[in-house]
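In what comes next, chain A is part of two complexes: it sits with chain B in the first one and with chain C in the second one.
The block that comes next holds the complex of A and B.
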């Protein structure tokens, strides 16, 4: 099977190679002396690494906390018997089809500090604070908001599909038992689609954790490193700062964290099969 | 759903309001970009912003034609997308067919290993892939880029097509085999026509992935005329000479246009494909 050959060469060999690099010193692109785990022990002592890890977590959790409820809200509304449902759904999905580079571009222009509509609208509301990506207090928040804008359709689509599998009799029964709308959501809907919610949450966490392009284009990790996530460190160290070995080591840490998330994903799916 | 305490009319109104606000927010950045791209430079650089383009101009789009390399970026992305669709389908379809129809030792293990590779984050392996490209002098090469894209997409493609093959009744192939078809012949004549919707769906996913990719395009190209659409776009933004927002938004709109076209034509396939698995970012 030729497909196997392609997949394994391009996926497994680089992993091996990355591990190999991360165990050496590098100068520019040349591998130098073998240093064992030194790159990794250096990371643990490196306060910048811990800071990047923290920023990654903030970014991922912040985005998760926004995208999941927004996705759920739209899914619940779209699951109601309303007119123009297909049109609403189509339009709401659009942000998800755009690339990270395009999304970043569009929002850079909206947050433009000289001519942007955000500045104008905030000004009308009497806010004079500078809300744009070069402000260290706001950069990460803006990234989370923009990320939410481009990602919420994903949970929305998955939740909508799951909601359509909930048997109507269950709602009927809940109603007869005197459940309010919110109680029937908590007691009937949520338990029924729990595994979808869990697996979506994990997939999103992975995606947020591994994100590079959006952050690179909007802030480049700045200002003052306030948006420098782990993956941004890999990208910047690997391609701009000529610290290939350090970048490869951080890349491996990202990979290991991915494995942890993926294993929990598989567990969730297994548990779901038990029902 | 049905609520006994709040009036249904109120709930319905609220539904429409929230969905409409959502739609406005979903479209606003695109519309604002589109409006900017057809304004004159003088109307773009004003504060407070002037919302509507007056006069309307297509100068920014025309100027892009002459801006070094821009049409070339689009051609490159098109070639890479088409090449990746071709290679991925050619490599994955027989594999998916075998996985769906034959029992062989270690099948589950191989399938899981393939799936596992799709969970390797792109960012963790771009550096080794980049170094590999330098060592083998394969920077700025269409075939190498297509190979990397395909390797990232084949796992998902195999699993996706496998699902479609499994839905085809076995009787059809057995009839073909009895009539003297070889196994590849049966696959080609019986299975392929029946799984076309699946092939279409996954092709849409592959197209969107390659067209929207920045990471591979950025790392595996160093020559200006090999850049892809997304890389070209970002480089306009980072231009030392400063950016013309009109130009930039025109470029952005052009970069989005093929995606929105495919999305509007093949929405159902698009959603099937994209929800079928996680993608590297």
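The block that comes next holds the complex of A and C.
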């Protein structure tokens, strides 16, 4: 019973509080009049909210479709008996050890149009005045790429651990049946580690959807609002503009989307469970 | 005999216990963003001043809690909502109205009455809101023109004094390697750079950003003029590049340091640091350009202020600390660490006659002559986000300056109506 109370307090009370706040007006952090679903209906009418929702989806899905295959590729390579494997493992995991703020600062320096190394290299090639993060057409793509660089070691480690549990006899049997390397991956490896892949996908989706620091430090939501995700709105409304009710309403939408994503993955996982 | 011995022993014990009880310390909590004695000039100056305070008031101890400066607003407001604030905190000029509105700080009138109201570079009323004194300015800074003398000389241009001259001069210097005039319209870092530039440009153009109710002024010719300067710098004169969309305070700081930026507006507080970090004698300052030849531009003087938390546990002791930290003697020590004093009498110290202090003396004179104090609405930071998008539209999309400015005003005023 005490443990249940602790779990309830830690997990459910903040959610209850966020829902409650989102149904009221607030003045700074003080709850004011009850307004029902007004904050939510306002969101539906707000074109900027819908744009932020779309940007969040692009950011999360874009990062996911890059991070998972890259993580898998490196895991497969590291699972082979190659020379300097321990060194490669160490090097490949380095981006994961950096905080989002450090990663953002590092890449902002690399892409700095005034003194960054990319500017220097392009200058050597005769290309001048190229802007990256300032370009509304490229800003989100660059954020996705930086996020992928920072995150791929996480699935890599999980996949590598899962790959080491696949019985070698299965590969042997596949080889005798005439399976190629890619067929062996599709028919043996992937089904065997499917649950790890799906759990990793769930964790990463939640992480990408809830990400603020990297985006805030790199672009602050700009240029022209092209990288303003839902969580950036929550952050700005909650901590800069002190519109806590509005922030809570967007936060609840993010929370519901996270639940929908998680349930979808779990459903797919259950349907496809082979082992 | 036994009785005398007992009484003497009792007195001896009391003599040990009583002073400790009488000298029971009052502990006040102070929020700063420098760790005392952290090795940085300002951290070391804080440590020295705390030591001096301790010597003067041995019965008051100061517990310094170090926060990142971006955290102060939210933590102070959260603390106030929970009924717990520090006794004293440092709050930036922009955030004063926010804290007054959130009731996270308290008026100082009952303490400050006896203070010398004439010994300040800015009028005493600069931190008076609705008739109540809320803060003591701890230091001053203003947005000025910093330039690389070596780059200007190489291009054969003089330091511009008007925005028209700036457009021409910076256009002459601008190349793929060096940006002629840099500014920042990024939304990152709360768009602080742009906000600081904007508030100064609007008053230089003879306008006012907000009305008394905190709404952005519509039909603001000064605002349109400001956006026209951005359009000209980025477009007509080719004095700046699209990279300005990515620039915040830090990118401009780095650019001036490394010599990839020739001129930029920046706070005076960065001047010594950029010099020390590598620009050296190549970096100089000049008054910010104006719109009229021969007329100096007014500047909004900003900086860190000492405030008393709403739930200060020891207001009397807190006031003694505030008074001490804002005293001319203390400000001389912080001036040596790079903070421009807010007290006039601090400048009477012999240190200000040294060549090291020359620049600070010049700034104090500029403040006395052209300094003003801004009035910021509680939605100042939100205005910054909207303003940044408007300025980005001018730079990236070539949107007409008038239309872009009017959109900013409309969006901001609309944002005030909704979302609570």
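As a working rule, the second predicted complex is superposed on the first by the 229 of 275 C-alpha atoms of A that agree within 3 Å, B and C clash if a C-alpha of one lies under 4 Å from a C-alpha of the other, contacts with A are read in each partner's own complex, and residues count from 1 in each chain.
Throughout what follows, a residue touches a chain if its C-beta (ideal position, glycine included) is under 8 Å from a C-beta of that chain, and two chains touch if they have at least 3 such contacts.
Quick caveat, the model's predicted, so the values are computed rather than measured.
Contact with neither chain B nor chain C is seen for A:164 once the two complexes are overlaid on the shared chain. Note on chain A: of its two partners chain C and chain B, the one contacting more of its residues is B. In the superposed pair of complexes, A:239 makes contact with chain B and with chain C alike. Once the two complexes are overlaid on the shared chain, A:217 sits against chain B and chain C alike.
Once chain A of one complex is fitted onto chain A of the other, the partner contacts of A:114 extend to both chain B and chain C.
Of the two partner chains placed by superposition, A:41 touches none, neither chain B nor chain C. Of the two partner chains placed by the overlay, neither chain B nor chain C lies in contact with A:271. In the superposition on chain A, the residues of chain A contacting both chain B and chain C are 29, 108, 112, 114-115, 123, 216-217, 239. Residues of chain B that touch chain A in their complex: 1-6, 12, 15-16, 18-19, 22-23, 25-27, 29-30, 32-33, 36, 44-49, 87, 91-92, 94-95, 98, 110, 114, 117, 119-132, 134, 147-148, 150-152, 154-155, 158, 208, 211-215, 218-219, 230, 233-234, 237, 245, 248-249, 252, 255-256, 259-260, 263-264, 267, 270-271, 274-275, 278, 280-281. Within the complex, the chain A residues that touch chain B are 1-4, 6-15, 17-18, 21, 29, 73-74, 77-78, 80, 82, 88, 90-103, 105-110, 112, 114-117, 119-120, 123, 149, 154, 157-158, 161, 171, 175, 178, 180-181, 184, 203, 206-207, 209-213, 216-217, 231, 234-235, 238-239, 244, 247-248, 251-252, 254-255, 258-259, 262. In the complex of the two chains, the chain A residues touching chain C come out as 25-30, 32, 39, 42, 108, 111-115, 123, 128-129, 131-136, 216-225, 236-237, 239-243, 245-246. Per the touch definition, chain C reaches chain A in the complex via residues 74, 77-78, 81, 98, 101-102, 176-177, 179, 182, 186-191, 241-247, 251, 254-255, 258, 260-261, 378-379, 381-382, 385, 388-389, 392-393, 396-397, 418-420.
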